[in-house]
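We call the chains A, B, C, D and E, going by the order they appear; numbering starts again at 1 in every chain.
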Amino acid sequence: MRYGYFPGCSLTSSAKEYDISLRKVTDKLGITFEEINDWSCCGATSAHVTNHKLSAALAMRNIMLAGQQGLDNIIAPCAACYNRLIISQNEVKNHSGIRKETEDLLSVKFEKDLKIINILELFLKSGLNKITEKRKRELSGVKAACYYGCLLVRPAAITKFDDAEQPESMEKIVEATGAYAVDWNYKTECCGAAHSISRRDIVIDLSKKIIDDAIAHGANVLVVACPMCHTNLDMRQRAMKRKYPEHKNFPVLYLTELIGLSLGMDEKDLGIDLHYSNFKYADTLMNNSAKG
Amino acid sequence: MKIGVFVCHCGENISSTVDCLRVADLCKSYSGVEYSVDYKYMCSDPGQKLIKEAIHKYDLDAIVVGSCSPHMHERTFRNAAVSAGINPFMVEIANLREHCSWVHDEIEASTRKAIELMRMAIEKVKRDKPLTKINVPVTKRVLVIGGGIAGIQAALDTANAGYEVVLVEKEPSIGGHMSQLSETFPTLDCSQCILTPRMVEVHQHPRIKLMTYSEVERVEGFIGNFKVTIRKKARHINEENCSGCGLCITKCPIKKKAYNSFEEDLAFRPAVYVPFPQAIPNIPVIDETVCTYYKTGKCGMCLKVCDREAIDFGQKDTIHVADVGAIIVATGYKLYNIEKKSEDSIYKGYGEYGYGKYRDILDGLQFERIASASGPTSGEIKRPSDGRVPKKLAFIQCVGSRDDSKGISYCSKICCMYTAKQAMLYRHKVHDGEAYIFYMDIRAGGKMYEEFVRRAIEEDKVKYIRGRVSRIYEENGKYIVKGEDTIAGMPVEIDADMVVLATAMIPQDDAGSLARKIGIPYDKYGFFNEAHPKLRPVESTTAGIFLAGACQSPKDIPESVSMASAAASKAIILFANDTLEREPVVAKVNEDICAGCFYCMKVCPFGAVEVKDVKDMNGIVYKEVAYINQGVCQGCGTCTATCLSKSIELAGFNNEEIFAEIAAL
Amino acid sequence: MDEKIISRVDLMKICKDVIDKGNTLLTPGAADYYVVKDISDIILDTSALPSKISHKSYVFPRTEPVLYYKRSKNDVQLIDINIDSKKIVILGAKPCDANSINIMKHLFNWDHSDEFFNKRANNFMVIGLMCSHFDEYCFCTSVRSSPVSEKGSDLFLIPVDINNYALKIITEKGKEFISPYSGYLKPGDEKNSKLITENVRQPEAAFDSSEVYEWLGENFESPKWEGVGNLCLSCAQCAFVCSVCHCFDITDEDYSYTEGRRMKNWDGCQFGNFTLHASGHNPRDIQSKRYRQRVNHKFRYYVDRFGEILCTGCGRCSRGCPVSIDIKEIVSNCNDNQKEFLK
Amino acid sequence: MDKQNWEPKIVAFVCNWCTYTGADLAGTSRLKYPANCKLIRVMCSGSIDPVFILKAFERGADGVLVSGCHPNDCHYNAGNFHARRRWDFFHKLLDFIGIEKGRLQFSWISASEGKKFADVITKVTEDIKAMGQFTSYKKMNSEFTVDFPADLAELEEPVLQESFDKETVK
Amino acid sequence: MNELIKHAKELLEKGEVAAVIGYRQVSEKRTKPVIITEPEETRALVFNEYCLNNLAVYLTKARIKLLGRKNNKSFKLAITAKPCDVHSIVALIQENQIDRDKIHIISFNCHGVVKDFGFDFNGDNLSSKCITCETHKPLYYDKLLGEVKETPQARDSALERIKEIERMPHNERFEFFRSEFDKCIKCYACRAVCPLCYCQRCITDKTIPCWIETSSHQRGNFAWNVIRAFHLSGRCTGCGECDRVCPADIPLSLINRKMTIEANNLFSFVSGRSLETPTLVGSFNEKDNDELFM
């Protein structure tokens, strides 16, 4: 089985640390993948609301390239990319009209049926016991609130992965790192997503609620698997503090970063220093662990 | 063999495009045909008389009638043949009307086809063998599985018709779910008040043998002749001695180790218990899993207090065998426990609703117990967690039902009504309380049902919100119900004190294994399949086994009761004769050449194929062959085509006959 | 006996003439005796093994109608069969095969003279060819024959050099056949061909057929039959490839709802239902009895009745047997109690 | 018989409960379809043996139709499912050994599909007409057949002698 | 092969089995079946590239089954089986012809057999079933012997032949098979060697009514070969014995192979590979291919 890797635009820019930590962690765990040659944008949030044909073609182009490269699977770590790829693939598979249109547009025939997998599936299927085996750092003091957001496990009928309303797969991974996953209520609530820039007020309120609920349930870190969520929850904390003065900086980590920490990697190596909120994650978490 | 050929004109229906005279004339030239004639109306009295006279006059052995479809008049002509002394299966019909004259215009072509059809029938009838109807004796006793309202009704109806009934219930008492209910919609009369008299009637009925705390182990045989093995589980109480005084129960020191399943786990029960005060029979059961005696060998308090020596710690399960002629399956339903999640099950659970996590989130039956006057709160609406009276109550309908993404696509049918009823009861008991109902649609089809729901909305001010709930979580002692009001197009949040989930009705856990034991098909959920969705809704596809109540699909009480009565009448119809007459179109194995591969057994939809040992002169089994039980075989013939060595023949459609038809093409 | 010399070229000319006159010319191939369409296909190889299937079907077809019938209401009309009188010339018949018609002839003319067989047999013209090669299954010398036996041949060919054959005229029929072609014949020298035939390598006799005859008479109930009976799978390949097995079955076949034909088909004594009676009783109910029948029929009963062994020693049955049962091995070991595997 | 007057001979094996009844409905609805196809009624499509099809070809059929209840509608629950598997195989086999798909056709026709029955019969008849006589099989059939003297045939089938000629291909 | 002899001898001496069905060498490149009941006789047993016969056929014979019953007691029968022969045994167990408990399977790590007796063992002479074989180690056995060796590489010419036939137009295909079947002499050797042709009375022997004409004319031969192929569809395990023994050289395994491929395509099933999977005949799936039906 050959994994293909579709980083998507965010992972090369605002979420560079996600890309860095993913590569580091998979390398350590012995999971190998090949980046899709000449990949392009998946269409993201804008394409499918403006031009349906375009959104299908953008996503299918990447899937087609991966197929031509002889890959069987595509890992899409960004939740939005994952969502776009799997939905477009499903549309093309089930609607001969769209299929033909897209095929004509790209002047190819879609033959290979690739499996699109998200970051949770990747670790769940091929890394869970590897993480436990190679664990170096004690993380028992880490009380993580696993945040899925809207896209990671939805729509259930297409992803056919985990429970869309009450997912539990990230918790399993977090527990494999030795950290404790808290039971909380906002794991699938919206963070405001693409309103990040245009409606900052909505984002701040929604994100704040998420962080507050995590704190209320005893969490000391928020674990995410989506660049957009991370942006909203991490970058907007300063604005939150302006609106709600009592707000305190709360750590938000990518899942891969948490795994990296558990594997004993350095914060810098994992790119954690690129986060907006200055937070000495490793120290704090380790201290907690030592105490706890 | 002397064959008589009769060609019917059917007025002008056949003769307008088929030259009937020519057909009849030509048939005379076929070997074996003794007499051939055409006539205007063969099915009329004079026509039938013509046939009968010809049979006598020409001493015919078989007849071929060229007329309308056999589905129309096959019986008519067979009866005519029988009254003239010919076996009814020595009659063949050539379908000259529906398959010939009515569908072709050209006289030459249709006459030609008519002749060929006649020729095929003549060739077939030459190979026909006289068949006699199969008579199967009938044991006039019925087994009812399940002692809920459906089982009770079926048992009473059958017994009152004069037949013996064996009623098997796996719980210590009959009564089923209906005994747990508080009031019933749409009349709001007390459930136990109407049920208890019927339970007592069952208990006292001379023709009903009640076997509670018992389960069906095995069913063998076929319609009219089932042999049922029943395991009667050990109660550890001698039923003959026990007077039902209840002293053992009150003295039992183990008070809080076992949940009371009758109270839907909202209360505890002692190690020796009756499920509920009105239980039938009123004989306790000792729960081995919690009783101190079984753990340490000590205690024995009940033994000491019982002055009738009814306590029997050494009692073992007993096996009982009953011969019955019919089986009525009325095993009912259970509620979908949404707390449990299992990857491979079709029941995926609803973790987001917090059921099982928060004590004040209840399912429908739990709320029934809370609302019931005999329940753990004596009918007062209180929160199980802290005993406070909830001031705001949220009801959520369609939890599990009508949700493809989580597995169950069907509608559980009763939830709309009972939720309205429960909200109404709450409003009657807590006057300042608010009741919210999240619904998808309100399905209130039934006599006085819609009026009932309107009453809840209009008189009792129950607030209906159309929309699904995405999550329920606790915040400061309240339960935040997050959902959407699809009419207002707004997200809603209700901070309720208590939430009642109308979880789906699903079959009993062991429905599938019971179905396999008794040999009836079931759907992917485990509901038993009826023989025909419209015309045979209370029969299973296995002859002699009938269905009643919610084991077939979600049903409310009146539907269950009517289905039970229908099932009972089916059994009574079966018992109206001493023997059962069956069409002789059944398959038969030639044991000499059967190679014993049992492919026939694998393809038989009715389980009619059995293994038979063939012994040599010394009594040693030297091969196994297939044997087809004539009582069970329905005559489809799938086995005959599957059999590689052609050791099976279907009477009435045997291969020789079909080959003759092909040859006569 | 008359012996001539004929060149291969001239022999081919005769063959061409036979074909041109509309007669059938047969010659052995690896699988079967086949009808020659083009004379360049003719090989005439003395070192070839017997073909997989014998030429039997040309004189005794594997299936043939014996009459046609048509049923009417109260009557049956019959049509008889006319055997067509085409001459069949079989060129280069193995000496073992050449004699087969002579052996079978006894059976078909015993109580009833079978006109189907006789007509075809009379039309047969056998040109035998000396054989110079044998394998582990050949045993013609054990059954009163040899690679140079002229028995059954009407004409017999012995290659004297690359281009020429010595042609022996054995029968009147042969003489009659060759007389139109006398122009091709040169006088031959009997001494020369005798030298050749005497030097041909012959399989060593594996058994003495008269000893076998005796043994079979005395050992009807021998336990040895059981061993081979266990191994034999009850097909009839041995009988069907055999050049002298001649059992047949009669069956009626309808081909329309009034018309049909009566067919005569090959049958084999190794089939379980070969002797199955209508009553259900089967006198040869187990395979050992059936195999015993086969050996007895060939080496004892036929000898009793007609004085001939019903076997030409060609070894076809053993070569083709699915489970490699070798009749030569069985027959030659029958008298030897030391041989433990009669299997 | 010459090519122009040739009419295909088609046989249909149909189940008693669905297709036969569907054919009855086509009759009561007075739908018209070609008269080439003769029905042989069996209890269930599950009881139709592939040998029946070969027998039909041996008896000179140019085409065969097999029809039963729709999946899940079988009167006997599962007979047609077993039949479907059997025909999947048999049809692949026939195709491999050179019998065109059109010679043996399959359909599901319910008791209420009188129209479909008429349509299917029309289609099958047209398909077979387009394919022509099943010469290859008939050649095999005609091995070892003879013509009986005409006088007897005349005596036998007085009415049929003209239009009911035997079709033997030599 | 000392191990085989030792094992077989032990089985017989200890009375664990009543007989051993195996192979013995008859000449350099030829073996034949042997049924051994005495411990000393086991010295004849061999296993090599010339063990062509599928001995599973003997397990279906009544007289062999009888060997397993002595003095009213039943004993096991031991059989030496190539991994592919084990497939036949599996199919027979599934079709209730033999009892797994009543047989002792001695199997081998197999690297192929020759296509017929007398050939040298190499890629050119490899039996066609060995070319595509995927079970060099038996799926079920009681005793595993032999070393693991490399199977020679060879071209799958049978598959090419199938493809070639599939490219022919229908009438050519029909003519091809008609002429192939025409060679049939109805000796029924194919039936006799087939382990799955265990019927007590074959369909062709059923005369009232006559199912398959016994005459070996074109029509009778065609019907016989087609129906035999159909009866083996989804059941044939691909041992290729019928093809090997046919005296008329009819390419029987071509049809059987084709039907095996179809069974795999249509129902993802290969016969004799698992005791747990339900047999293809006798089971169905509601989602089976429905394209055939109008």
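Heads up, the rule we're going with is that a residue touches a chain if its C-beta (ideal position, glycine included) is under 8 Å from a C-beta of that chain, and two chains touch if they have at least 3 such contacts.
Fair warning: this is a prediction, and the values are worked out from it, not measured in the lab.
J.: Return the chains common to the contact lists of subunit A and subunit D.
T.: Chains touching both subunit A and subunit D: B.
J.: Moving only to chains each one touches, count the minimum steps from subunit D until you reach subunit E.
T.: Each step joins two touching chains, and the minimum needed here is 1.
J.: Which chain maximises the distance between its CA centroid and that of subunit B?
T.: C
J.: Computing the C-alpha centre of each chain, which chain sits at the greatest distance from subunit D?
T.: The most remote chain is A.
J.: What chain is most central when centres are computed from CA atoms?
T.: E
J.: For subunit B and subunit C, let me know how many angstrom lie between their CA-based centres, rounded off.
T.: The computed centroid separation for subunit B versus subunit C comes out at 71 Å.
J.: With chain centres taken as the means of their Cα atoms, state the distance from subunit A to subunit E in Å.
T.: The mean C-alpha positions of subunit A and subunit E differ by 55 Å.
J.: State, to the nearest whole Å, the distance from the C-alpha centre of subunit C to the C-alpha centre of subunit E.
T.: Averaging C-alpha atoms per chain gives centres 32 Å apart.
J.: Could you grab the centroid distance between subunit B and subunit E? Build each centroid from C-alpha atoms only and quote it in angstrom.
T.: 46
J.: Provide the list of subunit B residues touching at least two other chains, using ranges where the numbers run on.
T.: In subunit B, 29, 592, 603, 642, 655, 659, 663 touch at least two other chains.
J.: Return the residues of subunit C touching two or more other chains; collapse runs of consecutive numbers into ranges.
T.: Residue numbers touching two or more other chains: 72-73, 256, 263.
J.: Using the contact rule from the top, write out all pairs of chains that touch.
T.: A-B, B-C, B-D, B-E, C-D, C-E, D-E
J.: Where on subunit A does subunit B make contact in their complex?
T.: Checking each residue of subunit A against subunit B gives 156-157, 163-166, 168, 185, 188.
J.: For subunit D, which residues count as touching subunit C in their complex?
T.: 58-60, 141, 144-146, 148-149, 152, 155-156, 166
J.: Name, in rising order, each residue of subunit C that touches subunit E in their complex.
T.: So the residues of subunit C in touch with subunit E come to 31-32, 52-53, 57, 62-63, 136, 227, 229-231, 233-237, 239-241, 249, 251, 253, 263, 265-266, 268, 271, 273, 286-287, 320, 322-326, 340-341, 343.
J.: For a test of understanding, state which residues of subunit C touch subunit D in their complex under the given definition.
T.: For this pair, the touching residues of subunit C are 64-65, 68, 70, 72-73, 77, 79, 255-256, 258-259, 261, 263.
J.: Using the touch definition up top, name the residues of subunit B that touch subunit E in the complex.
T.: Going through subunit B, the ones touching subunit E are 592-599, 602-603, 620, 622, 624, 642, 644-647, 655-656, 659-660.
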